[in-house]
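Here's the structure, in structure tokens; my notes come after.
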Amino acid sequence: MPELSLQKALNLALQHACEDDDRVLIFGEDVGTLGGVFRVTDGLRAKFGEDRVFDTPLAESAIMGMAVGLAMHGWRPVPEIQFDGFSYPAVDQIVNQMARMHYRSRGVLNMPITLRLPSFGGIRAPEHHSESLEALFAHVPGLKVVSPSTPSEGYHLLRQAIADPDPVIFLEPKPRYWQRESFDPTEPVEVLPPGTSRVVREGKHATLIAWGAMVARCEQVAELAAEDGVELEVLDLRWLKPIDTDGLAASVAKTRRAVVIHEAPLTAGLGGEVSALITERCFGDLRAPVQRVTGYDVPVPSGELEEQYLPSVDRILTAVQTTLEYRRG
Amino acid sequence: MPELSLQKALNLALQHACEDDDRVLIFGEDVGTLGGVFRVTDGLRAKFGEDRVFDTPLAESAIMGMAVGLAMHGWRPVPEIQFDGFSYPAVDQIVNQMARMHYRSRGVLNMPITLRLPSFGGIRAPEHHSESLEALFAHVPGLKVVSPSTPSEGYHLLRQAIADPDPVIFLEPKPRYWQRESFDPTEPVEVLPPGTSRVVREGKHATLIAWGAMVARCEQVAELAAEDGVELEVLDLRWLKPIDTDGLAASVAKTRRAVVIHEAPLTAGLGGEVSALITERCFGDLRAPVQRVTGYDVPVPSGELEEQYLPSVDRILTAVQTTLEYRRG
Amino acid sequence: MLVARRLDEEAIALQRQGVLPAYAPAKGQEAAQVASGAALDLNRDFAFPTYREVGVAVGMGVDLAAYLASHRNIWHGGLYDPQSSRLAPLNAIVGGPVLHAVGWAMGAKLDGTGGAAIAYFGDGASSQGDVHEAMNFAGVYRLPVVFFCQNNGWAISVPTERQVAGGSVAARAASYGIESLRVDGNDALAVFEATRAALERAREGGGPTVIEAMTYRMGPHSTSDDPGRYRTLEDEQAWAGRDPLVVAAQQLTAEEVAAAEEHAAAVVREVRESLVSLDVRPGEELFSFVYREPTKSLLAQQRAWKEHLDA
Amino acid sequence: MLVARRLDEEAIALQRQGVLPAYAPAKGQEAAQVASGAALDLNRDFAFPTYREVGVAVGMGVDLAAYLASHRNIWHGGLYDPQSSRLAPLNAIVGGPVLHAVGWAMGAKLDGTGGAAIAYFGDGASSQGDVHEAMNFAGVYRLPVVFFCQNNGWAISVPTERQVAGGSVAARAASYGIESLRVDGNDALAVFEATRAALERAREGGGPTVIEAMTYRMGPHSTSDDPGRYRTLEDEQAWAGRDPLVVAAQQLTAEEVAAAEEHAAAVVREVRESLVSLDVRPGEELFSFVYREPTKSLLAQQRAWKEHLDA
């Protein structure tokens, strides 16, 4: 069985999607000749030609606006925006156009667009290269949002996103691009519908809920906690819209305590939504309020300060302790 | 004492701000000659001249980018974007530039910009004219976000926003523009710092939390509930960033039940944040999970369907009933 | 063109009667709209309108009551089928849909289906970044797209000379290596010919064209606008003599005009009746078109909505 | 210019040594950068850089270690004082800061302080909507701003001919009614003179100018880029002979060159030392510069952060 990095798994997913459906188009800044700054589209231009895999001029709004027009013509566009922070110029086309064209046209026009977005922090990158936009996108009716945390998940979720008839924002966790896993992408797997999470590790004392690169960090936390006899369940939420409320409820009904972790700033982050959903469904079961461990309400700082900004193993452990020791006041 | 509409109160606030500080500039699409599509800037050009109050070409990103440059030069810009939905093209300048320039420059450059944004639904307007963007903006470090619900609040909050040294997004509830109130804007009032809410009506059985036009709707609900002997407290949150956590906690500590109401779609709306904050602070006091009554996770529909989308008196009453009858499962 | 004018008048009347909550009059722009719309090959081409394109709908033969349903607040994008009528849903974001035309044109080029796209936009829209990006992309890829700018002198209260630096949208085209021309937007034949030729050239691989149709918005920006605040009666009268209907009538006999009036009256009567009798859409549709398949959470919300309805 | 070249080389060396995590080399663009930066009147003008402007910092006399602190991952915008050095913080959004220059120029025009703004951007940036909007605003208001485009042939892997429809950024200016010129970006004197004249004209109320400095990025896009993937050695060699330093050296005596090298070496030594010895900023600063006064919630977060630090 081959060992594949997330970056390679995504590359294969794109390749297989292009092979399976000749309406799939890949485009964006530097995705063609260069193969993308993270090489996720490497080799695809050579395989599928300039018509299927092409570079665009430097304009994110145009990339997404063009994707909308291509979808109206019947294509299945898979545009890339080079980094999270550069999707802001395209927000109008994403929110006002892509997310609503199906609705506006009363279901006549489909928008099977997958926006690939290298996302999140953890690689000490320059400004605007380490942003978390899931809360923004999850708030927008008509969008679906997903983020893989492992190579195999990356492969299958990207295939699923591209096959989906609706627009999907696909958030690729940059620091995990080089993570490797043994799996055979050609082996068929059961495809769970959008909005299903994955229990990465079972536990009974509390549930850690995370996505993207934070899943691995939570696994580390769970390892450490296990040494002290604390069994943490780790839930990879994966789909950030729709959210797996049933999965959350099932886990928390068991553990009765939850900590949600994300890199984005605290206020109005997706952690608030997760916390509210859990509380709405599990109020009677909860032994403590849902804890949130998140980025601070500050702009993502420069590399030398980044680890102080991101949720650390320490901060997550403290939150676990808080929830375990919580006594109703 | 004069009776002033919200629209006139805002107009006076702009006028007085221009009089008090000759670095205040007002600009945007149709704000000059026309006086704004809601006439909020009516007469200001005649009073302060073309240099202080001017029309721009039709480009929202440029309006906000120009505001950033003007602030870097030492001005105090008060741009208008004509409607909520048209701020999406300016999101890059708002998020990546305006909100961060102070931080990026290590505090050297100030961004005392107030973006006036006619917001929210309720006037059966065309598409893109009825959006609620508070969750998006509240998530962005460096921004402050505020929305008035009455004429006097409008006057004072707008003066405060303009005087604030940081960027403030000022959300004007369109359906309240013509609401009238007797008050004397020249009478000095105690200015509470950003992040203070207002108890609009005292009650003891549950707290309704709202902002913008939903505050008036909650007052209606409270009237109706009072007929049945249910005393609802109504909290006008006003500041949506920073949020008055202490005010929320104080009210809910008393009432032990809370319903948060907003027009924006449910998922990842600010209601999740409010719910999480209350639960974090009042877990022991809460007798029921915080209820959310919000717009559905669908694009704001056309006028004939709008009332079915917006939180209705009925839906809010049902949520009140749910929280009052809640029994821990 | 007469149909467009009379329908426009009817729409304004319906707004006064409270049937339409608001309307964006096209008066004065009928030649630019109807003639350009009529130049499309409806088997292959596709048009991308703004919110002021009733004449384009007339020119393309779109179901007019279904078009006006948008102004009756029934559905934002109108009730017509954009796919079969070759007209994208009404779009109220100034500038945004121009990029869709570029994407659609790329789609047409890629699979050799051979149609051309036409994007409608105004002088005000030319200031938007999206329009620049659209022209640049179209130039780089040499796409079959026609950028049809109705320069009607105003963007709400802002006149073209304080909107369009340099004064001409058509002149922008050259700097993208794109063909362009200015045409008298009140001369239906000139508009038709220019549009037809540009679409044909586009279909044949000749690349994009910018057409700037010089016209005038004779009415208010919308039924809630008051042009008296920003322009003078003289300004308006200067253009009254160039009314596209007057221009067109000069080329017709009195009988032809009378016949056209009769036809227009009949069409308007019919459209009015369908429009007035259109049912409001059922609230279920709030939830039907968000995704191809509603999500679980959306279904739950729909159930809650229904319970309230039934309660 | 030699200072810029040697500093650039030093920065690349420091990147290899692991001192700088990444760097965007300016090699080949020194004449365009240093000479245009030197043309500013530092008492009145203000410059808006991108992320590849070390030569501008040299030309303007900005604290170079403080400038490079951005590349050392110490602070995104650099550690120099933008106000006193007249150079806005480094900006990594392609296109965005061009609008700031327009706003700043409007500010200068409004209060008669008389300076001009200069916006730096690349050939790639010219595709962004913001750059179009900036030129249009500058044209409509006739603002004192110079749009200084370094057309270095590439935007990462995309060559100008597949980026800039029509082929020339300068040509765009005319369609906004803006003055423009193309200048040999590797000829320091020509760049200096063009920039000086444009700034002066701007200050005197003559309106905006677009300068397109034709140059070449001789190195990779950044230290993590591999130009071998998208361009040939011949392509690179074609420009090697036009290296701005070679051009400049031809106008100097051997002694002058030697003196310049000595000066550059001394500067680089000093900058290197300051840069290497710069302290990482204290974590408190995460919270200090978000608002003028931190909010209650931010103070609480700062306290929580501190507890973890102390724990």
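Order of writing sets the labels: A, B, C and D. Residues in every chain begin at 1.
Just so it is clear, contacts are C-beta pairs under 8 Å (C-beta built on N, C-alpha and C of every residue); 3 or more make two chains touch, one makes a residue touch a chain.
Just so you know, these numbers come straight off a predicted model, no measurement behind them.
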Where subunit A and subunit D overlap in contact partners, by chain label: B, C
Chain of greatest Cα-centre distance to subunit A: C
Centroid spacing, where centroids are CA-atom means, of subunit A and subunit C in whole angstrom: 38
Distance from the mean Cα position of subunit D to that of subunit C, given in whole angstrom: 43
Centre distance in Å when subunit B and subunit C are each reduced to the mean of their C-alpha atoms: 34
Residues of subunit C whose C-beta touches two or more other chains: 75-77, 93, 96, 127-130, 133, 136-137, 140, 162-165, 285, 290, 295, 297-298
For subunit A, residues that touch 2 or more chains besides their own: 57, 59, 61-62, 85, 89, 92, 96, 103-104, 127-128, 141-142, 242-243, 267, 296-299
Contact graph of the chains (line, ring, star, complete, other): complete
Footprint of subunit B on subunit C - complex, ascending: 21-22, 51, 70, 72-77, 92-96, 124-125, 127-130, 155-158, 162-165, 224, 229-230, 280-281, 283, 285-287, 290, 295, 297-298, 301-302, 305, 308-309, 311
For the subunit D and subunit B complex, residues of the former touching the latter: 46, 75-77, 79, 81-83, 88-89, 91, 93, 96-108, 110, 117, 129-130, 133-134, 136-137, 140, 285, 288-293, 295-298
Subunit B partner contacts - residues on subunit A that touch it in the complex: 61, 85, 88-89, 91-92, 95-96, 99-100, 103-104, 127-128, 135-136, 138-142, 241-243, 264-265, 267-273, 275-277, 279-280, 283-286, 288-292, 296-299, 326, 328-329
Residue ranges of subunit C in contact with subunit D within the complex: 127-133, 135-140, 162-168, 171-172, 174-178
Subunit B residues touching subunit C - in the complex, by the definition given at the top: 29-30, 32-35, 37, 55, 57-59, 61-62, 85-86, 89, 124-129, 266-267, 296-299, 301-305, 308-309, 312, 314-315, 318
